[in-house]
């Protein structure tokens, strides 16, 4: 049955409306998680606040488990859900650049947009930087095209490349996440910075 | 702390169930069995070869003939306008690439009966109610459209149109299948489906 | 009791999801999960039999004549059942098919009827269903 | 909100995106679509001559009405609603007391430039590639996630003065 947009052949306006509503939910969830604060986000990398890890993995796992149950119950056709294309070089290079951007800016694009809406000036500047970054990317794309399209592997799934069933991989991932959550909570105690976390409350 | 424990436990329990399920990204039939059965036993899911001949002569753009035979057989001889999706491929890949256009009636055929009928039930079971079969397949097509000659003294107007359609369809059929190999291959290649690209990602 | 009170949400979500999964897995009213798997014999052609292959099958054989013409071969008469294809999924008939320990062989003078019925039954999770085809050329492979 | 509950909420939103539109969430893509349509409005011939830009205007498409663009407008709206409900609406620069406002803003700007640039190179940022990618078990998602967080932990040492 699902994705609904292809099952019911959504007209353009409805697609745009659902995009806006899903975005609203996304922004709401990010802000509620406390991701509108760059110092909370950066806390992940200094150990005093590991909310990023908790929210990020919980969200991915909830969607992963949910989508597989929906697929089993015949409600969602996973063949029609987009799987990201894997360009090995670009994924790693891009990821490292993003890592640098994360620790310098203190936001990622989604959290930056969510934070600017509640009046964080640093988030506004971050998003302005994002616009500039996008502009530089589109202008320099012809120069980096070779690198951006190198080592193309197609839309590979991780469980397939490991030879595991999706359910078994999910179980392993959840077990790993449960351990990480535990470690993260003890790290929060070990690297606690009450002067920062109290200020953020 | 407390929430973390409960949460990890719930997720672990659920993913344990998932690990036991034979999950794959494959699809399942969504309609009810009795509904599907009465639907596919109905006469209006199949077209006669004469109806198909008429579609071809009229160059009807709301139908799509789907040839379920092997690529070799398809290249050797085929009905004008048909595309080749070997039955094996139809079952083993996501059929949405081919069948998703709801404005087109897809008509399956093969040499005889069986395979198109599987394909009909399979496609309708997955929800593609725009699926039909050509009764009798290629065998019937050759016997009826290509090889029947009018014999007798008098001809009614209806018979006349019928034979005219068969004659035109037969001509188109012979013309296509007598093309030199290279030209024919190119013509058939141009009719291939390109895999539908999913919209998504962040590009 | 205390355990239940503390974890009622976790337990109820888990039970609800498991229940749904169990219904989906064992429900007789619905088609089974994974259409590709159940259709696989049709792509391999292993589901088609000729008359002389029938005696070699093991188990209780059940021949279902879906058409109007009786099977010419006398030796199958006592294992043959005439069922109208429209009423095949009625409770009594379906029970008969499910209870049969051994191959169920579909026959009709119109091969398209048995092929369609085969696909419906197979997708319902019934294994060991075959199509009887006297004409070896009918299924050109 | 408790991080696990907030994560569940976010996961449900992501699941809805998959169930309704058959795709994950994204943010950097939407920013790029905005930029592309801006450039298209300002300098049309430039857009038509560039093979990269022109793909976004093919068949009369408008980048401003793209799914991703509408989605990031939604993010801003959703963030505002949440901030208003929790009483967090306030115009301010958030920074460590040890650094100046200018320093924070310069780094925020540079971070934004790098993040979206890298995000477009990797075909998705933390939301588009890492989060949505992991939810569909995409290998690209896992590799990008490890690259982002792994390198951020390394770089964190160099920029520690900014934060702690």
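Per-chain residue numbering starts at 1, and chain names A, B, C and D are given in the order in which the chains are listed.
The rule is simple: contacts are C-beta pairs under 8 Å (C-beta built on N, C-alpha and C of every residue); 3 or more make two chains touch, one makes a residue touch a chain.
If you're wondering where the values come from, they're calculated on a predicted model, not measured in any experiment.
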Next on the checklist: If I rank A-C and A-B by number of C-beta contact pairs, which comes first?
Outcome noted: A-B
Checklist entry - Which chain's mean C-alpha position is the greatest distance from chain A's? => result C
Checklist entry - If you average the CA atoms of chain B and of chain D, how many Å lie between those two points? => result 42
Item to check | Interchain centroid distance [CA atoms averaged], chain A/chain B, Å | outcome: 40
Checklist entry - If you average the Cα atoms of chain A and of chain D to get two centres, how far apart are those centres in Å? => result 8
Checklist entry - Got the chain B residues that touch at least 2 other chains? => result 4, 7, 14, 21-22, 24, 26-28, 30, 198-201
Next on the checklist: Residues of chain D that contact two or more other chains, please.
Outcome noted: 4, 8, 22-24, 27-28, 67-68, 119-120, 123-125, 127-129
Checklist outcome for this item: Touching at least 2 other chains, the residues of chain A are 6, 58, 61-62, 69, 72, 74, 78, 80-85, 166, 170
Checklist outcome for this item: Checked against the stated definition, the touching pairs are A-B, A-C, A-D, B-C, B-D
Checklist entry - Which of the residues in chain B end up touching chain A in this complex? => result 1, 4, 7-8, 11-12, 14-16, 18-28, 30, 94, 96, 100, 102, 127, 198-201
Checklist entry - For the complex, which residues does chain A have touching chain C? => result 69, 72-74
Next on the checklist: Under the definition above, what is the set of chain C residues touching chain A in their complex?
Outcome noted: 17, 20-21, 24, 33
Item to check | Complex contact set, residues of chain A against chain D | outcome: 2-6, 12, 15-34, 36-39, 42-46, 48, 51, 54-64, 66-67, 70, 75-76, 78, 80-88, 90-110, 112-123, 125-138, 141-142, 144, 148, 153, 155-159, 161, 166, 169-170, 193, 196
Checklist outcome for this item: Seen from chain B, its contact residues with chain D in the complex are 3-4, 7, 198-203
